[in-house]
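In what follows, structures are represented as structure tokens.
Two complexes follow with subunit A in common, the first pairing it with subunit B and the second with subunit C.
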Partner chain A sequence: MSASGAWMVSLVLAPLLAASIALVVGRRSGPYAALAAAAAIVCSLAGLIGQLERHGAAASAVGGWGSPLGIQLHADGLSVLMLLMSALVGVGVTAYAWGYFGLARRRDEPFNAAASRARESFWPLWLFAWGGLHALFLSGDIFNLYVALELLTLSAVGLIGLANQRTASFAALRYLLASLVGSLFYLLGVALLYGEYAVLDCQRLLELVQGTRATTCALALMTLGLMLKTALFPLHFWLPLAHGNSPAPVSALLSSLVVTACFYAILRLWCTVFANAGTPGAGMLLALLGAAAIVYGSLQAICQQRLKMLIAYSTVAQVGYLFLGFAFLGRSASAVLAWQGVVYYALSHACAKGAMFLAAGSIMRSAGHDQLEGLAGIGKQLPVSVFAFGLAGMSLMGLPPSGGFVGKWLLLRAALEAGLWWVAVTILAGGLLAAGYTFPLLERALANRAEPWVARRVPRGMELASLVLALCAVALGLVAAQPLELLEIGAPFQPLASQEANP
Partner chain B sequence: MTTAQFYALCGVVLFAIGFHGVVTRAHQLRKLLSVNVMGSGVFLVLVALASRATGGHPDPVPHAMVLTGIVVAISATAVALSLVRRVHEGDAGEAPGDDAREAGP
Partner chain C sequence: MSWSQCLPLLVVASSLLPGIVIFFLPEERRSWRTTLNLSGALGKIVLVALMLWGVFQGERFVVRYSLLPNVEFRLHADPLSLLFVTLSATLWLLTTIYAIGYLEGSPNRSRFFGFFSLCVAATTGIAVAGNLLTFLIFYELLTLATYPLVVHRGTTQSLSAGRIYLAYTLAGSAALLLGVVWLSSFVGTPEFIEGGYLDEVDPRHQGSLVRIFALMILGVGVKAAIVPLHGWLPSAMVAPAPVSALLHAVAVVKAGAFGVVRIVYDVFGVEFCSTLGVTEPLAMAAAVTIVYGSIRALYQDDLKRRLAFSTVSQVSYIILGTAVLGPLATLGGIVHLVHQGVMKITLFFCAGNLAEALGVHRVSELNGVGRRMPWTMAAFTVGALGMIGVPPTAGFISKWYLAMGASAAEEPWYILVLVVSSVLNACYFLPIVYAAWFKQPAGPWPVDQRAGRLETKLSLLVPTIATALLVVGFGLLASVWFSPLGWASLIVEREYQR
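Here is the complex of A and B:
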């Protein structure tokens, strides 16, 4: 096995191994297993990036068994950037959860069976989800993509169900059903593709796929299924409830990583497998839905009374930006620029949204609730968390210097080059709307409060974790050149750029 | 129409029936059963595809996919069933608060 193959296997195996250990040993091993996994992931990712920079995109058949019966791993610039996102947010959330769940019950805390169950179950579930994410980002064939998606979904459902409330169970169940329906649509698409071409490997499919009727059906089924999992408007019905009622670290993971991972699957299909079958008309439809999501999600977010529901609706809106890239199908030159912008935006959105949910969790822990009305003066209690929330909001609005600004800037440039004015207008309007739902909290936080606070203590680590993630979102605006260079490895968007030449 | 095509068509019909159930039925358990019907439809399509291989032997790859799919379906059904139970019994000592109203029926 090549060096890059070994690093890829280690990226998938380390979190899965740590999850199994945390599950079997139980009790207090979880946080330490997660720490070990995080260290292994950071090292493996650094190793993989080093290998890819030297040798370009890499493929590896695990144990010598490649596609279709074995597991085919594939890494290019797109996978690496997604892995980078998962490592950044994952480490931040792990650090936050360390404080959020606590290593053990504090002496002054009454025994609570449900809280203690959540404390133990969080770690293996999160580590399984982390492994699922990495398997998804490194999958080289469409069936393994399905298995990774299911691994991710099942762990995410468990994480949502951690909160010991009927609402949480209901949200988890609804998410699971929506997600299963999405997966089955995807699987039927896989069946059609296999029936047509008898291969599962993404790169082979890229060479073989043509716009036959079965292929178009498969593309429609797979895209529809994944749209449901990504919660693209109008299929977002399950998202706000699930993301708004989970424990804070879980909300952060779902909104920043899980949603983006499902989007990654769509992107991988359109820019590799179906590069020669996707039509500009279908792409335009997806982009229009994305624009509708931006407007609808933002307006809903502005109307929310609860902080976490507000952030959840903001995710509905932000998912819309990711789909704007589809408007550029068939426009070779600006398409690559637009997809770079989209992927960069996904990366910075993950950091910003993670920071926002984590900050909201600290605020909720301190105030005991997240009703916006009752949060006047919280800025004096939790200056670090409110600052992190503000920085993250800045990236969502797309103000410079922030990762969100770079992503929107690339998209804007592509839109102006291609003459797609409505895309440019949507991007700018979305930024204003994001300001509309970020400022109300900041305004209340900085207001004076007449009655004294009965605030509970928030561990310092929680506040710092959200601040670090928010700073990452800002720093992405300052060091844009290196990540964009990484994205170029293996030229993941090349098939789309050459689409015009051989239709 | 060959036998394989007939089976594949049945699979697609099953998939559609299951999808109809998921969308129209209100009861969570019925939704879950409908998802399982959808799954069986997909598996039937895959098994039908396996007969297309040349040389007299059926293609093993769709069979492997069906086996994996069944494992996933069983795990997901188990998780969903336990969640259905939790939703219907309600967790002890935890009265549904304001949030429950947003959840709807």
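Here is the complex of A and C:
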């Protein structure tokens, strides 16, 4: 096995191994297992990036078994950027959860069965989800993609159910049903493709696929299933409740990583398997839904009274940006630029949204609630968290210097070059609407408070974790050249760009 | 890259770093905060002086860094940026001294001075920005850093002023962003250059260029408070006096006006602008703003509101000077960038002194205030005379060159605008001066805080008098090479070289 292959395997196996240890040993091993996994992931990712920079995109058949039986791993610029995102947010959330759940029950804390169950179950579930994410980003064939998706969503369902509330179990159940339907659609699509071409490998499919009726069906089914999992408007119904009621680290993971991972699956399918089958009309439909999501999600977010629901609706809106890239199908010149913008936007959105949910969690811990009305003067209590929230908001609004700005800059540039005016206007309007839901909290943070605070202590590590993630979102706006160079490895969007050449 | 090349970066850092450190200082560390603030401000002045010397010798400082493929983050120091940097660095020092005195004992000072320094860092960045992308970055940073200052008092009124401020400025930035990206899709984002860089663009795209110009002017026009984009400025006067000084003289409004100058001269080029036919509407908008602002100022009883409308009017002098073709008008416009700053900051310092020492906020309460606060009112009088354009103040110099420029460009209408506006200036400033010196006080002042034998705290008085002296000094010494006028003629020479 090549060096890059070893790094890829280690990226997938490290969290899964740690999850098994946390599950089997139980009790207090979880946080330490996660710490070890995080260290292993960071090292492996650094190793993988080093290999890819030298040798270009890599593929590896695990254990020497080629397709269709074995597990085919594949890494190019797109997967690396997604892995980078998962490492950044994953490490941040792990650090945060360390303080959020606490290593053990404090002496002065009364015994609470639910809290201690959440404290123990969080770690294995999160580590399984982390492994699932990495498997998804590195999958080279559509069936492994399915397995990774299942691993990811099932752990996510478990994570949502951690909160000890009726709404949480309801939300978890709804998410479970939605994502099972999504998986079913996806699997049907896989079956159709396999029936048609007898191949599961993405790169092989790219060469074979033609616009037959079965292929079109598979394309529609798989995209629809994944749209449901990505919560693209109007299939977002499950998201706000699930993301708005989970424990803070879980909300952060779901909104920043899980949703983006499902989007990654769509993108990967469209720019490999279906590069020659996806029509500009279908792409335009997806982009229009994205634009609708931006407007609808933002307006809903502005109307929310609860901070976490507000952030959850903001995710509905931000997912819309990712789909704007589909408007560029069949416009070879600007398509690559647009997809670079989309991927960069996804990366910075993940950091910003993670930071936002984590900051909201600290605020909720301190104030005991997250009703916006009652948060006047919070800036004096939790200056670091509020600052983190503000920085993250800056990235979501797309104001410079931030990763969100770079993403929007690239997308806007592509839109103007392609003459897609409605895309440009949507992007700008979305930024203004984002200000509309970011500033209510900041305004209250700066307001005077008449009545005194009864604030609970928040571990310093929680506040810092959210700040670091927010700073990552800002830093992405300052060092954009290097990640964008990474994205070029293996030219992941080439099949889309050369689409016109071989219709 | 030698160390001296880094100067533009260091100038930005000289207020950015103290700002970041101040955020982490506990509220009661007063002396630390003061030391940091003042050493940042003084250090900045030293750095600016070094750059001034270098640029005068013909050196050009450039810092560049590749932000995106084919897109650079670029800082450079040309004469125009130095004019603005020098202005903001000098006034920042004075405003910092003033703010330390003004906010003594009030809550949230670490937060205040942190954002205050960020604001100035952003302004400096705007001044030394070497291309449109860099300009945009600092321009947005300024919006965000000013917001907490506008709502600093945390009252319902100041929160709503903050909301209005954001609504205007963020909408403006969206327009600016669109304009910048659109333009970059034609020519990329090259460096600002005297005479502009759009000559090479295919003439077929002229229609698009006109729209881009409109978008960009809309974007910077919000901060420059061109009517009808001025709504935020009068409402933002609920902020504390040092913030008003920052908004009106040091940073925000100035950044807008500076943006207009940059876009007209160093992106489009003034001659190309007039080929496109966009200078005429811009000059019209400026003329309307000048007259409208003055008329509205007449009817304001709140002193700071009156001053705010006066700013709306005065800043458009800069834009008028920019939009009228010809070196003399340009000279008048650019020099007014500095002159308006020192005059308006003097007036706002005075308004702050009156509010702080006597609790007086309204024009109608000013009767006889000259006897109680002679130094403050003397400074106010100098500032007011400058605004009207009485020789030998700085305001006279600006108006003189603007009028000469208008007549050289054969646009007598604009001379009329200047005359009308000066008459209106006199109408809303002279009654204040008269009432302060010659009328009898109606009764005891709402509050009366003396600081020993002085009329108010020394830290409030010194900056006020210093800026008033600058107003006279810039007028008297206008013909010396290191005066704002001297420096502005250096800029104009370069703009019209081509």
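Everything below uses one rule, namely that the second predicted complex is superposed on the first by the 503 of 503 C-alpha atoms of A that agree within 3 Å, B and C clash if a C-alpha of one lies under 4 Å from a C-alpha of the other, contacts with A are read in each partner's own complex, and residues count from 1 in each chain.
Note that in this section a contact is a pair of C-beta atoms (placed from the backbone, for glycine too) under 8 Å apart; a residue touches a chain by one contact, two chains touch by 3 or more.
Everything numeric in this text was worked out from a predicted model, so none of it was measured.
Looking at the shared chain after the overlay, A:461 reaches neither subunit B nor subunit C. When both complexes are overlaid on chain A, the residue A:394 reaches subunit C alone and has no touch with subunit B. Contact with subunit B, but none with subunit C, is seen for A:154 once the two complexes are overlaid on the shared chain.
By the touch criterion defined above, A:188 reaches subunit B but does not reach subunit C. Shared-chain residue A:56: touches no atom of subunit B or subunit C. Common to the subunit B and subunit C interfaces on subunit A is no residue.
Touching subunit B in their complex are the following residues of subunit A: 68-69, 114, 143, 147, 150, 153-154, 157-158, 161, 164-167, 169-173, 176-177, 180-181, 183-184, 187-188, 190-192, 194-195, 198, 200, 241, 245.
The touching residues of subunit C, counted against subunit A in their complex, run 23, 66-69, 108, 111, 136-137, 140-141, 143-144, 147-148, 151-155, 159, 162-163, 166, 170-171, 173-174, 177-178, 181-182, 184-185. For subunit B in complex with subunit A, the residues that touch the partner chain are 8, 12, 15, 18-19, 22, 28, 31-32, 35, 38-39, 41-42, 45-46, 49, 52, 59-62, 64-65, 68-69, 72, 75-76, 79-80, 83-84, 86-87, 90-91, 94, 96-97, 99-100, 102-103.
Put simply, subunit A touches subunit C in their complex at residues 377, 379-380, 383, 387, 390, 394, 397, 399-401, 405-406, 408-410, 412-413, 416-417, 424, 428-429, 431-432, 435, 439, 442-443, 446-448, 478, 480-481, 484-485.
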